[in-house]
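Heads up, the next two complexes both have subunit A, just with different partners, subunit B and then subunit C.
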Partner chain A sequence: MVTRGTLIYIGQRLVLIAFTVLVVSFGVFAVVHSLPGNAFVSDRVHGRALQILLHEYGLDQPIPVQYWSFLRGAVHGDLGVSLYVRGLPITPLVLRELSVSALLGGSALIVTIGLGVTFGVLAAVRQNSWVDYLLTSIAVVGYSVPSFVIASLGILIFGQWLNNITNGAVFYPEPWTGNYGTLTELSLPAIALGFYSSGQITRMTRAAMLDVFQQDYIRTARAKGLQNRIVVLRHALRNALVPVTSILGPTIIGVVTGSVVIENIFGIPGLGKEFVESIFQHDYNVTVGVFTIYAVLIGVANLAVDLVYTVIDPRIRY
Partner chain B sequence: MTSQKPQKLTLFSACTVGLLLLLLAACAGGASNGGGLASSQVLKFPTYQSPGSWDPGQSTAEVDSEIMQNVFDNLWRFDDNLKLVPDIAATVPTQANGGISSDGLTYTVHLKAGAKFNNGDPITSKDVVYSWNRAAALQGPYASNLSAIAGYSDVQTAAGAPPSNSSGGGTVSFQQNIENRLAANDPKFQMSGVSAPDATTVQIKLAHACGWCLTAWTLEGTTGAIVDEKTVQTDPVNWWSKPVTPGQEGGMVGAGAFYLASFTAKQSMVFKRVPDWWGSPKPSLTEVDIAIHDPSAIAADVSAWEQGSFDLLGYGGNSGTLTYPLIQGIKGNSRFASQFLTQPKGRTTWVSFNVGYPTTGGPFLGESATAKGLRLAFALAVDKNGLASTVCHNVLCSAATGGVITKGLIGYLGDGTDPLAKYDPAQAKSLLQQYDPTGRLTANLKYSYNAGGLNDPVAAYLQNEWQTNLGIHVSLNPSSDASQFINNRLAGKYVISRDGWQFDYNHPQDWFDNLWGYVATAGGSNTSGFDDPTYDSILKRADAQPLDQAVDLYKQLSQLLQQDAVYIPLYYSDGNFAIHSYVKGAGSNTAFDHYWNEISIQSH
Partner chain C sequence: MATALPTPVTVDYAGGTLAREQVSLWRDGLRRLRRNKLALGAVIYLVVLALVCLVSLFWTPYEPNVIGTCQTYQLPTAMHPLGCDDLGRDSLSRLMVGSQVSLAVGLATAFIVLVVGVVVGLVAGYFRGTADAIISLLINIFYGVPPLLVAVALYVLLGSGLINIIIAISATVWMDMARLARGQALSLREREFVEAARAGGARWGKIVFGHILPNALGPIIVQATFVIPIAILTAAFLTFLGFGVPPPTADWGGMANEGLSSLQGGFDPYILLWPAVALSLTLLAFNFFGDGLRDAFDPRQKR
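Moving on to the complex of A and B:
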């Protein structure tokens, strides 16, 4: 149930998010506009032609004036126009790319939570058995190896070696040539992005489950003669997920920021790839727009996780 | 009875043979180019760069012009052999046909009857006047193509002071202002040299004689293209980026054979055939589907091409995208080898010395014997054929031995004629010992270039050549930011740097005006700072002469640059294409891809 206190808390957090986004976007705006070079200059665009383009896109204005112009548009949902594909409205572009990134991020979260919770529960249930050792070892490998290494290895194995060995029968297509990618195209990036965090979830779930197994109510449940499956899934897991939820916020942020690297490795036309490209192309408006969206996403994700606490653990109140 | 049996057998045999023949014919039809048109006339190919601007008044990139030439038309066009032929104009004006006055200052152009924009509006002389005035006022990268027309600079002066609050205040933008003034027939925004005496006649008066103008006005997709005022007025800034919706005003309306039907940024473009297009040849293709891919997708796209998902590769300004291993893969496959096409492109790459910027300095500065001797030493120390072989595998480029103008273009001097292209390490060493015996002058040299593509291996090759043949260590100064590198190079901030030019139109003026001498200096593009009164004087004369009389003068300019050892010629770029044999009419010349309306998909 949403209490007045919760609403006040949400309001405070939203104000904080807005302030953070404002500061971050201005910082990025000032930095990218200070970079040498620009999107227009070429062997043929220089001198007067360049000055006119700079003027036309407002790039000859002082940075605070440019930022004010950007901000006025942004609050109305207009992130401005691209300088690289001149005149292209950015908002629809980044929204489309956000949906691609969301698909990847969502898939990665399924991998992260699915693998992490499953491995954690199994390892706890089979504590000190070979299953436990195997799964915790996988978890250690998972959070020890960065996602870009897993991505590169995945491409090497599935895109090169197996392709050569099987004469093309097993082949991972790279990069994406479509928008959202097929299930095959999505699988490897999602695993590469999600596997890293799944290691942390595994360890956290295992520890939390072992802790819960020592609680009196679990002993009571077992004494009542409940099946082990019901004790584990219905009584132990729900309570064990509370501490796990606490790292979901950073995990989601990790997935969001990690997608910048993964999208560029796999050639996925999402927000992360756009972000990097826009920097190289001096497409300032896109860079700032994408960064602003990232800031909003991270702020909202953190808020959402905090609110989920209250659902999982009714003792938590704001 | 007995007499009927053979007849039945014969009938049965005939039917069987007939059926077999039909079956064979059906199989044969599916396996080879049957010669007829395929039922689907949709051409598919990938491109690796999103369009920058399709506005003819502002476009710059090769990828844009390769597409725009199919959407916009000029008064004239280049045919596949780069010869000027009529397009919207009825004829190519000459003094012989009365199109050019005897003093060469007045052009009279008659428009073809029936020429119209793809929204159905007829093209009149007023459209030509509007388009050219607009292009002059916009002052885009190719506006100078109109610079010889009387009143050009007046329009630029009038348009050159855009409202100061155009960007931030939400008031009239620079482009909107131009449209408003043109719509109001403001005389300040009209070149006095362009007029429309009647609906089908355009008169062009020049401020001074111009031998290159006709060629420059013909350059597709730029200032010479004719646009529809009514369409531009719907959205003066972004009209060109919007697909055309049949029956509605606005969008990328031109006079070409195709129109933009849909555009998803960074994903795809679809162009469709204009129904009942006025020009010729009438297009067979009904649609051109262009996928916008990341450059890293090129290997996957080659596979897709081999499987038939794409009809060709290299179109749309992407003839330099295929890498050597991929080319080897295609050429090494007996099925596809014959479908590979290499075409020299009008692009030359050389090394520029700082010859004329005292603040930048360096050992190559000036016209002293020492500076010239060192420039020549550095040029002779580089094996250009070795570079073409080592770096380009003689596929991606060829050695530049015939002057700065690329082989195949007017002004090319001939194979092996450029003395700076010679490879003579002994003489190079001797010159170095003569002019810099202590090595003091040539110490701490840096070769600057923009990183990426062939530039990295070329830089490494040059470094090795100078080290091996001159004993000079030149450090490499790559710039990951091309725009910054170009800015610095245009400002003459490098002592020795990568340089090059891709021609715009087949006229030597395009090279000698834009790269050296007083015109380049005034335009801010004299990268070496080469400034020679003799060069300027010859250039003025050459630019004013008809091409046939000017060619020898331009050759003299080439020789002046060579005598002065202003540059080190490196290579001429080659374009590479993979075109399925069933795509008839597709190909390329030194300048551009063959027009889409010449292409058809054969049965396959």
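Moving on to the complex of A and C:
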């Protein structure tokens, strides 16, 4: 199964990921450090005191020197310390937020794939019927309506109307109370986040299913007198999922992007919320740290998708 | 044979000038587009939107940025059909003005991406080798970071303002176009008409932009129309998060943000509703239009 070629391919991809992370982190590093203002503005530190602070955090050195010391720390898993909450180590902070975001993103992906594949299969099976038109329309609505609109409507309906109707007995609570939120708290953000990408999956699944339906082995299966359900789910779907897998990479990126907005709406203490806060607070080190984590995450996720590809479809070799 | 074929793309008034009777790419596509009800509806909506946007440049029912034209959180009335926002500004006026940002960002980004993506992609695909390797690496790097984050970082670097939003978003969505153009150039460069042009002594600029580009124009235009909703969506995300046009100027993302805080503060949902609906309808229309265009101009591509 795992051939030499596969290993070489994985190696090449890992090199590309490392290179990407390097370029991205340096780019972001250069960008945030060239911004006007600094993290100490809100403390009203000026003159000599500011110089001392800047020196303490190494911010008075040239950017390449600063980047080098960041890089030295980063390869040892140390992303430096926060400037806003002075001296707070970033790595544990970002890792905890990553786990929160991963929980949200994972739930959203389940929604995306579950909805997308189900709708896609249903639309393909009932091609050109009203079911098909309804589901493909929902798909277009899915990737047209911004996730913050869906989230806002969710808050309106479940957080307020339902609250008023049931006199506060049943309603959606927000913002989040704990770090990870309860299942109820998780539901709305996950759906709002997952719905967006599900549209693309629906279209892809539908197109792939229709394609597969044309093939000879499906006709053979039907000719054998196999139940339609089994033909669709066991014979057609398996092959139809191969092209669907190919858009999982962009889907994951879409979920990551959307999570930045969703986390800010629902007050979810994840990476996306931290990212926006760190920008507003001029907390450079955190911004760079979050970016680096994202770049690694997306690189690894894309690689994983490509490897899953070979498992689903043995014809694909690297 | 290959050289004798006129490129139908430049012909937008087929019939008069051509010796051979033929239907141009445009006319053929337009005919198919007209049969698509959904796309036609989308076009009508977009025309209305463009008119509203134009009108709002010169006239709005009330001053969109003046605080206190009516009561704060006023519900829709005859005087103020969409009500008023948290600062007592007329929602209809602000909604009209807000279309400017969305349309400007969408169209300008599509244009920039069209030019940059096509040039970069065609050059990579035509020359292959080192140029292709560098450009492909660049594309892969950009694919490796979440676009919204890059846009935010660039936006913060460049400073607030419409032009900077457009640049920041263009930098995050050019890759699809470049990849498409590259693929087209890779396959078209092997065709006979390119060989014929090369044999005829045409320089590379003439070959790439005079022979390859016109033949790849269908899918490129379709891709460009899909850039518009993506750009509008990204811009709405940016402004929603607070990285937008400077405050008094109305834009839909920022209005939705104000609306959401009003909603969470327990006020009526109208302030949120209008920009949300406008944004959703506009994105829907551009997507339906894009779908229609793709079916009309690029029939080989699967739905």
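For the reader, a short list of remarks on this structure follows.
What we mean here is this: the second predicted complex is superposed on the first by the 315 of 318 C-alpha atoms of A that agree within 3 Å, B and C clash if a C-alpha of one lies under 4 Å from a C-alpha of the other, contacts with A are read in each partner's own complex, and residues count from 1 in each chain.
FYI, a residue touches a chain if its C-beta (ideal position, glycine included) is under 8 Å from a C-beta of that chain, and two chains touch if they have at least 3 such contacts.
All values derive from a computational prediction rather than experimental measurement.
Considered on the superposed subunit A, subunit B and subunit C are sterically compatible, since they fit side by side. Of the two partner chains, subunit C is the only one touched by A:Ser152; subunit B is not. Once the two complexes are overlaid on the shared chain, A:Leu307 sits clear of subunit B and of subunit C alike. By the touch criterion defined above, A:Ile10 reaches neither subunit B nor subunit C.
Contacts of A:Thr20 after superposition: subunit C is touched, whereas subunit B is not reached. Of the two partner chains placed by the overlay, only subunit C lies in contact with A:Val28; subunit B stays clear of it. Between the C-alpha centres of subunit B and subunit C, as viewed from that of subunit A after superposition on chain A, lies an angle of 100 degrees, to the nearest 10.
By the touch criterion defined above, A:Phe291 reaches subunit C but does not reach subunit B. Using the contact criterion defined above for the overlaid structures, shared-chain residue A:Gln160 touches subunit C, although it does not reach subunit B. Of the two partner chains placed around the shared chain by superposition, subunit C is the only one that A:Ala207 touches, whereas subunit B remains out of contact. Per the superposed model, the minimal spacing between any CA atom of subunit B and any CA atom of subunit C is 7 Å. Common to the subunit B-facing and subunit C-facing surfaces of subunit A are residues 174. By the touch criterion given at the top, residues 140-141, 143-149, 152-154, 156-157, 229, 233, 236-237, 240-243, 256, 259-260, 263-264, 266, 269, 272, 276, 279-280, 283-284, 286-288, 291, 302-303 of subunit C touch subunit A in their complex. Those residues of subunit A whose C-beta lies close enough to touch subunit B in the complex are 36-49, 52-53, 55-61, 65-66, 68-69, 81-82, 84-88, 93, 173-175, 177, 179, 267, 269, 273-274, 282. By the touch criterion stated above, subunit B contacts subunit A in their complex at residues 50-53, 58, 60-61, 138-143, 160, 162, 166-168, 173-175, 237-238, 241, 265-267, 291, 293-294, 296-297, 300-301, 304, 481-484, 486-487, 490, 501-502, 523-525.
Partner subunit C is touched in their complex by these residues of subunit A: 16-17, 19-21, 23-24, 28, 31-32, 34-35, 140-141, 143-146, 148-149, 152-153, 155-156, 160, 174, 203, 207, 211, 253, 256-257, 260-261, 264-265, 275-276, 279-280, 287, 290-291, 294-295, 298-299, 302.
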